[in-house]
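Presented below is the structure to which this report refers.
Every chain is named by a letter (A, B, C and D) in the order it is written, and numbering of its residues begins at 1.
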Amino acid sequence: MANKIRVTVWGENVHEKDMPKVAEIYPKGMHGCIADGFKEDPDFDVRIATLDMPEHGLTDDILATTDVMTWWGHAAHNKVDDHIVQKVKTRVLEGMGLIVLHSGHYSKIFRWLMGTTCSLCWREANERERIWLCNPAHPIVAGIEGPYFEIPQEEMYGEPFGIPEPSETILIGHFEGGNVFRSGCIFLRGNGRVFYFQPGHETYPIYHQKEIRLIIRNAAKYVAPRGGVWKDNAPHIPKEQAPDPISKK
Amino acid sequence: MANKIRVTVWGENVHEKDMPKVAEIYPKGMHGCIADGFKEDPDFDVRIATLDMPEHGLTDDILATTDVMTWWGHAAHNKVDDHIVQKVKTRVLEGMGLIVLHSGHYSKIFRWLMGTTCSLCWREANERERIWLCNPAHPIVAGIEGPYFEIPQEEMYGEPFGIPEPSETILIGHFEGGNVFRSGCIFLRGNGRVFYFQPGHETYPIYHQKEIRLIIRNAAKYVAPRGGVWKDNAPHIPKEQAPDPISKK
Amino acid sequence: MANKIRVTVWGENVHEKDMPKVAEIYPKGMHGCIADGFKEDPDFDVRIATLDMPEHGLTDDILATTDVMTWWGHAAHNKVDDHIVQKVKTRVLEGMGLIVLHSGHYSKIFRWLMGTTCSLCWREANERERIWLCNPAHPIVAGIEGPYFEIPQEEMYGEPFGIPEPSETILIGHFEGGNVFRSGCIFLRGNGRVFYFQPGHETYPIYHQKEIRLIIRNAAKYVAPRGGVWKDNAPHIPKEQAPDPISKK
Amino acid sequence: MANKIRVTVWGENVHEKDMPKVAEIYPKGMHGCIADGFKEDPDFDVRIATLDMPEHGLTDDILATTDVMTWWGHAAHNKVDDHIVQKVKTRVLEGMGLIVLHSGHYSKIFRWLMGTTCSLCWREANERERIWLCNPAHPIVAGIEGPYFEIPQEEMYGEPFGIPEPSETILIGHFEGGNVFRSGCIFLRGNGRVFYFQPGHETYPIYHQKEIRLIIRNAAKYVAPRGGVWKDNAPHIPKEQAPDPISKK
């Protein structure tokens, strides 16, 4: 159907192969599970791309026909080819939506778009995360009841989070061990929208959780392009095409 | 004196050598002229660094003792070593102020900090630029009388300017041929402040102009660090150091 | 149809009665003309409300069933009842979209939402305004061809414009007499979106112009609510309802 | 000394009179204690103004000679005269710094400057607040050691906090009962800077605490005016004063 939102779920697909626990929680891969979350809603058309595919699964054709991309990576950020990252970045600036998940905070694509360290502090200790809503009626939290929801076990990500000030701070997380984090933020870059969403450590079944899937789907609708494609070309405007005359000097 | 603002004026120093006209307007180099502007004010301690110096003049020691850097480049953006750019970027995120001038919009350092194309449209036609003040009492325009000032001849830079929304839009330029441009903008990145300032095509004596020198000095005072140095280290916080106890699961 | 965007066009309806020229250009009132612009697109359901109606046409029922309101006022800002303005403001913060037109920059509703002077400089001299696009692919400028469009005659509004930094600067206008202005800006307030759009002096047929109608319609789609209604109630959370136990002290 | 920062500490001075516990903790009034915090640093010249003084202590002369104002109010927001609030607001937009403390979130001056509800959820239960730093090197947290500091007992203020997105999110608080809050935020309004700082419930000795006094002093230095005074006058620019000629139409 023409009006479906075309999502490409990008997964690093490394821990699924080198950590039995991850393979057990995510038999289809983390990307497979994230894709399943989109399949619960007929508004989406979903595809998968992974690091180990040719061109990391992100061919020009796939990129040109993607409305929203989700990005999960962790162990192999440096194995993602700069040339492909540049193409993804270009598509975001043209208007493609991007959802960066969890350890994707250190992906090339997120760091290149933010311009900052994207650093944080962290701890892996099976902590409950409680995520509070900063705007209870924001489209991204539609369907979440109450002022917060919880993730039973998550890796702690804590402030300071080295991001530019978001355009919208939507979620703030608190971890059992005490730390807080801006767990859901919107950034505008060129003609594109970027949503960073903290949850998703590989050793917990977080992408099976109902609220997480809901927020990712809501976010995809929120960052999906609504305008055109900004094709950047740094145009030279000949003097004769200037709208006003320019005096001789 | 301890409290002087330590400025490093970085210049590409290419057109000064390959274009006689530029050498004539700027016998000490464009960087030399920009540095002279700082020397008019005893609040500054100014040094010069250029592309052709070892490490482009930006050694660790120079970087560590620079409060504010100005950046002019054009023909040789790609000759600036990525490793040096990364070090400059790190210093900005730590707290160093940065003033990006004119064609520096396409420098690695500016594009890396913005995360966007930093593209614009352009025309070289000896046009008058009239620069309007969006906040007549902003520290960056202190000493500018009236609602605007003019540059007799400038290269046209026009919208769309591929930048993220600035933290402060301070100046909007209008060119004789009709185009408009956000000619003076502040961006916050990490613990650093970045000022982009449009004026400064190499074939016009723009950095000799009183208003331009004044605004660059004002901007240096505005982006100079007032806090500490944010040393990013993505710290791992051991479970025992969490402020609150974490239950066994 | 359930999914139409319900627009309420609010008009001051004063100049239509006290200035024959305005009545001639806008025989149905300026609001009538603006409403006609919406009627060109079946996605909208449009109603009119004016100052001279009971409750200025903005009853609780009308407000509760409005997705997007447009606001044009000039001579009678102070005749708009504070109580009604507060209700409109509450609806914006809950999620209703608002498009503030031209001299509406000095309306209570705009000033109350911005928190600033909303001041500008001005001149009434039949000037051509040329409006440049800062993002050529933004949904608000969909259908506008080329880097700018023109209004043959408009009142000049110039910088400094006393607004907080917009969330998105979309349009910059330039006037024949030389001034520039941020003519199209988005602001986020609570759960609502506000678009300020400069064009529309009462003595010119601006709301008949194709590009103006197109941008207003695009903007209405852009600021229309996509999430829920943020019902503010500053809730007291009893100690027993705190998610974590609080120690006795 | 000419270069001292002239601070006016505004206090409601109601609970000091109607609640013995407050009088006991703050024998000089909360304003007196806040003023004492400034007196620890010779960079400040500090004065006190309270609701019960003529013109609430905010005469034109006091306003004109104030660089930074701090504002604490709670029970009597509605007793603050609109006319005085408007004068304070004008001074902020001209360039005066403003620090809004704790329950001042609901003051007229803060709500008028923000344009939003400024609502939050709350609970009075003697909770420990732990305040995390989002930028450990920001001038406002200079001197705070470590990633957070604590207030032993504080009233809970929790998200959603009905503010526009800050220009800088500096502090995020977490309360013993579980809630989180953007406890330190910067907003730019006109030529002025506003810092909202959450701590300061009247029944706890919070303004005696070292870290709180330090942050308030740091913030005063950060929001103190560095430029000129933006005197708003919405100037009419006669046609003859337009920088460019306007054609007859």
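Methods note: a contact is a pair of C-beta atoms (placed from the backbone, for glycine too) under 8 Å apart; a residue touches a chain by one contact, two chains touch by 3 or more.
Values in this document were obtained by computation on a predicted structure and should not be read as measured data.
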| item | value |
| --- | --- |
| Chain pair with more C-beta contacts, A-C versus A-B | A-B |
| Most remote chain, CA-based centroid, reference being chain D | A |
| Rounded Å distance, chain A centre to chain C centre (Cα mean) | 32 |
| Rounded Å distance, chain B centre to chain C centre (Cα mean) | 36 |
| Interface hub residues of chain D, defined as touching at least two other chains | 121, 130, 135-136, 158, 160, 165, 167-168, 178-179, 188, 190, 230, 243 |
| Chain D-facing residues of chain C, complex | 93, 112-117, 119-123, 125-128, 152-153, 156, 158, 160, 162, 164-165, 167, 176-179, 187-190, 230, 232-239, 242-247, 249 |
| Complex contact set, residues of chain B against chain D | 94-95, 130, 135-142, 148, 167-168, 188, 190-191, 221-222, 226-231, 243 |
| Residues on chain D engaged by chain A in the complex (per definition of touch) | 121, 130, 132-136, 147, 158-161, 165-169, 172, 174, 178-180, 182 |
